[in-house]
Amino acid sequence: MLKVNDIDVYYGDVQALWDVSFEVNEGEIVALLGSNGAGKTTTLNTISGLLRPRKGHIEFLGQELSKMPAHKMASLGIAHVPEARRLFPEMTVKENLLMGSLMPEAKARREESMERVFTIFPVLKERAWQAAGTLSGGESQMLAVGRGIMACPKLMMMDEPSLGLAPFLVDEVFKVIEQINREGITILLVEQNVAHALKACTRAYVLEVGRITLQGTGEKLLRDEHVKEAYLGV
Amino acid sequence: MKKVKLGLVLGLAVVLVAAFALPGCVPEAAPPVAPPVAPPVVPPPPAGPIKIGINLSLTGPKASFGVIDRNSLEIARAKFGVTEIGGRPIAFIVEDNRGDPSIAKSAEEKLATLDKVDLIIGGYSSACGVTQAAAANDLKVPHILVNASKDDITMANYEWVFSGARVPASHYADAMWSFVDEVLIPGGVKKVALFYEMTDWGTSSAKGLRPGFEKRGIELVYDSPYDSTATDFKPMLTAVKAAKPDMIVAVSYLMDAGLLARQAAELRVNVLCYMGQAGGYTMPEFLKLAGENVNYTMSTANWSRIPAWKGEIAGVKWTNQEYYDAYLETYNAEPDYHGSQGFAAWQIALDALLRVDAAGKPINRENIKAALEETKLMTTMGLIEHKEWTDDMGHHYYNQGLPLTYIVQWLNMKQEIIWPLEGKTADYVFPVPKYEER
Amino acid sequence: MALFGQTFVTGILIGGIYAVIAVGMTLIMGVMKIINLAHGALMMVGMYVCLALFKSFGLHPYLGMIPAMIILFGIGWLLQKYSIERVFGVETILPESQVLLTLALGLGITEIIRLIFTSNYQCAYTPFSARCFYLGGMSISQPYLVGFIIAMAFVAALHILLTRTDLGRSVIATAQDRDAATYMGVDAKRITNFTFALGTALAAAGGAMLLPIFYTYPDVWHPYLAKCFIITILGGMGSTVGALSGGLLLGVAETFGATYWSPGYRDVVGLIIFVLVLLFLPGGLKKVIGR
Amino acid sequence: MAEIKTMAKKSWFLPAILGIVAIAFPPFLGGYFQHLLILMMMWITMATAWNLLGGYTGCVSFGHCVFFGLGAYGGGLLYLHWGISPWWGMIAGPLLAIIAGIPIGLVTFRLRGPYFALSMLALGETFRIVFTNWVSVLGGACGIVSSRTFGVEKLPYYYIALVIAALSVYVVYRLMHSKYGYYFVSIREDQDAAEGLGIPTTRYKMYALIPSALFTGLAGAVYMNYMAYIDPEVVFSLAGISIMMILAVMVGGAGTLGGPILGAVIFVLLNEGIRAAVGPISYLIFMVIACLLIMFLPDGIIGDWAKIKRAFRGKKPVYVGGE
């Protein structure tokens, strides 16, 4: 579904990614793991078109992404649930959700998707008229994910959905991720919470200082010595 | 992209070089060994045109009047048809000073030293007038002031600066006092509200008015400056109404006069007499903006197309009405007293030039200056003489004329002269009817 | 009492017109995060379009408002697309170079208008301009009232546009988080162009409402630009309700300052409010009233 | 060619040449050019002073006319009230500017970016209106006509303006080559990070503001003495003083030492040159050029020098790492 081939990405003159390649197949949950500053968010922003690779290609459903303007991604069926939530703080919860479904196909199913989000996250229904800036950390995360669901995407890219959440909420979030995936949305997950992510994902890649160093199924990586040492603290 | 940038940089370079070269292409012929304290006046070459520098605000917020002045000078030049004197053609060199005193000084310096003009005409705003007059006097170029009304300009002893047709700000009201004494005070005016726009002109006019009221025992119940660019004068007029004056005296710029008349009518600020101080109250725009609300408004004035002032220069007869018609025809707009001052400035200049030539002397700065000192000429602003005199406020003026002032009243949407009585075109209406009863 | 009431009514009526001009500025400032110093000059262009229509076709400024808004929408779009956008987002030592560009544009536009229409003071006087009615000793000017009503209608329509439509929500979203809006599929550049054009059209509407009660000349805009800043800061960036309340508040405060203090210090009142709000109520009235 | 380059690299070479030209040349010029040179020196002082606070420290002030105006009024008020020679304004003016600058800084430095710019703009307007209205103390709208110390002579004014301009450039140069300069730039680049490093940002902004106000005030005092006439409309002008200062700096290059100097020279020459050449449409042309400069050289001529060189070289590749 999504193929990233050999991309190099720069911030100005500073290189951030070297020869990054990976792919996501339909129906999978693919995790992109790594510590702070490894280049995970950079990778997502490059797929989203906010950054441009100097070298390499990105393909989504057979279409070349690396030359397409950033705002076209949503219409192709890619939903980006960004890091640090990036909600619209002065808009209400409901308006934030509506913003998720601007593309014609998603717009046609707006009511339906809204119901779906409210079933998954009942608390959002209670807070529907509250400004997004006033939500708690867990609620904002739910809203960010909910906004992604509103887009009825083919691929959802999630950037650190568990960041800064209480442990029981983290479990909750991963449950939701798996549930969304079961409903037919492919997921590209960027995480620092390696243990959780590896359990949830089909396959995973490890990014270290801008390079892919390891890849394999979740179970395989869970048993990998390097992963154990560096990320699982075993 | 690259090509655009290259073109831009090249273009810029050309402009810069031009900026250096254009003013500089006439090499400065400064006197080689002259002592710097008193640079001698370089006599202009006998042949070549007679150069007249025009230094006015043609752009910027004060452009409107600078343009009227320039247009009027052109009309005057066309009207009298003198294109050459003593075999030398007359050339106008126009400089735009944007109403900025430091640019006005730059322009004056350029005219005097690079263009080597024989005479400069200009100065609309007071700020520019001050610096232009000082520069002209330093550079020993005769300068005819057009509008700049600040009293101080001709109170400085500038022997090269002539101010015939322009009225010092504190004398705009001269004609009013006899009217106050003979009509208004007997008619029951005891309390006056004074408001004035807060530039130099408004402030100095107000300063000239206050002692006059004080001397006559008339109480000032309201006295305030205001910003002439405001949209809404109702707060001020509301306060004026609450002060219950018998008479309003207003010093207004241009469009604020119209708005004030309109809004005074809306608020029904009824007084026995609403007296403007020339400026906006005598101009064509006043009628355009205030419509029928102009009626009964009085104003001091120093020019109107009605008085049958006339004269003859270079064998061409003129009247005020002819100037008015020519302006209306050429520029499709009505002139006002600023323009008349511009017209008069060329009358004064042309008269001086012709007298120099008639006396058989070469036309140069010294001789023009000497001729201007002798000026005694009927102009659109009345009889002009450049004299040294002291007024009752103790102001001592040099080379200052005193154009006649009188009072007009708007009646049936027309300006009529009502005072002094010997020049009247209509009888004054006093006290004026209330707004409700009009 | 009549003094107080008259002052209050006058302030409210003029404040409504201020609000329309400022609401365009507050939108642009909210979305682009730069101060648009060309806003006043564009309002002046709107006034001249109305004036030209009035002079040549006798079209009343209230009707001329519609073509004026359309024309200014186009001018705004072009200016944004071909000039301001070029420096927008370019890394510079001082981001304020963009502000300076808008200023240079504003002054340049003023000179173009001067070339076309000359520096003369002009007005669109109709007998309607001076009509008013009286209510308990207070006079209420009809053109002020009509201007106020149209202004309120514009602010309301804008508010509905911004909160009830996808286009409007995209504008607000872009103002709050440009990248996140892009993730949602919003073409932020296009939305910025649209916002600039819409803001410009609203300034033109404000100019059209001023024309029957005021007059115009190429430099007419300077005080209005200052008022727009004050209202934007007072109301909070990007907020229609903030701009409305800010406009009304400024109108009333100025009017009271002029009546009870001195007409000469009228503009100082606004400036003092401005600095106080900056210091003690950062974010403006928006913070207090929600949005 | 190479020799010239190495010589130019020595930091004293260019200033020395410029200095000799600036000292030796003007007596041979006519009055008009001397006048332009005086204006140029005044603008160099103002642009350099603005650049210290705006360009280096990142506090873009849209209200520097406050300091210019106070600098001018220092001497004006002495003359108006006590008949003291406005010459003393050269001391009183800048002093007044600093005295006003300290509270202004304390209040406005709490704000950042566009908010700081706007608050300064509002202050500039407030000063203008107060000076216009308060007739009894400040002279009001009529302004102050004062005496001229050197009469018709222009050269003394020129040399004084030259010394002040040179002094302002030297002071800024020394400041920027001390630890202060380092702090100033770090505040501009990232105020939060600077605060995180323990730099008292408000105090350092004040250290930038005081010399900035001082030299802007001195320029005002020179203006006052030279023109012998001031009024609030002119010296507290937003479009004529505050904005033009920024424009001069931006054209030359903000945050560079040479930028304000070059910008001021271009500003005066371009302004007067176009005005003399084309008359009333000059302002439009001036603004069009300003627009193009900002659009294509947003960091100014010196700041974008590399860009200009690249444009001249056409498509030739730029070698990184020197020749």
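For this structure, a couple of remarks:
For clarity, chains are labelled A, B, C and D in written order, and residue numbers in each chain start from 1.
By definition in this document, contacts are C-beta pairs under 8 Å (C-beta built on N, C-alpha and C of every residue); 3 or more make two chains touch, one makes a residue touch a chain.
Model, not experiment: these values are computed from the prediction.
The most centrally placed chain, judged by C-alpha centroids, is C.
Chain A and chain D have centres, each the mean of its CA atoms, that are 51 Å apart. Each chain gets a centre from the mean of its Cα atoms; for chain C and chain D, those two points are 32 Å apart. One simple way to say how far apart two chains are is to compare their mean CA positions; for chain A and chain C this gives 41 Å. Chain B and chain C, compared by their mean Cα positions, are separated by 35 Å. Under the contact definition stated at the top, not a single residue of chain A touches 2 or more other chains.
Listed for chain D are residues 132-133, 283, each touching two or more other chains.
Residues of chain B in contact with two or more other chains: 59-60, 198, 225. Taken chain by chain, the contacts fit none of the simple shapes, being neither an open path, a ring, a star, nor a full set of pairwise contacts. Taken together, the chains touch in the following pairs: A-C, B-C, B-D, C-D.
By the touch criterion stated above, chain A contacts chain C in their complex at residues 48-50, 69-75, 79-80, 82, 86-91, 95, 98-100, 102-103, 107, 131, 147, 151. Those residues of chain B that touch chain C in the shared complex are 59-61, 63-64, 66-67, 195, 198, 224-227, 229-236, 238-239, 242, 254-255, 258-259, 262-263, 265-268, 285, 288-293, 333. Interface residues of chain D, counted against chain B in their complex, comprise 28-33, 35-36, 39, 132-133, 135, 140-143, 145, 148, 151-153, 155, 223, 227-229, 231, 233-234, 240, 266, 269-277, 279-280, 282-283, 289, 292-293, 296, 307-308, 310-312, 314-315. Across the complex, chain D is touched by residues 2, 4-6, 8-9, 12, 15-16, 18-20, 22-24, 28, 30, 36-37, 39, 58-60, 94-96, 98, 100-103, 105-107, 109-110, 112-114, 126-127, 130-131, 134, 138-139, 150, 152, 156, 198-200, 202-204, 225 of chain B.
On the chain C side of its complex with chain A, the touching residues are 163, 166, 169-170, 172-173, 176-177, 179-188, 290-291.
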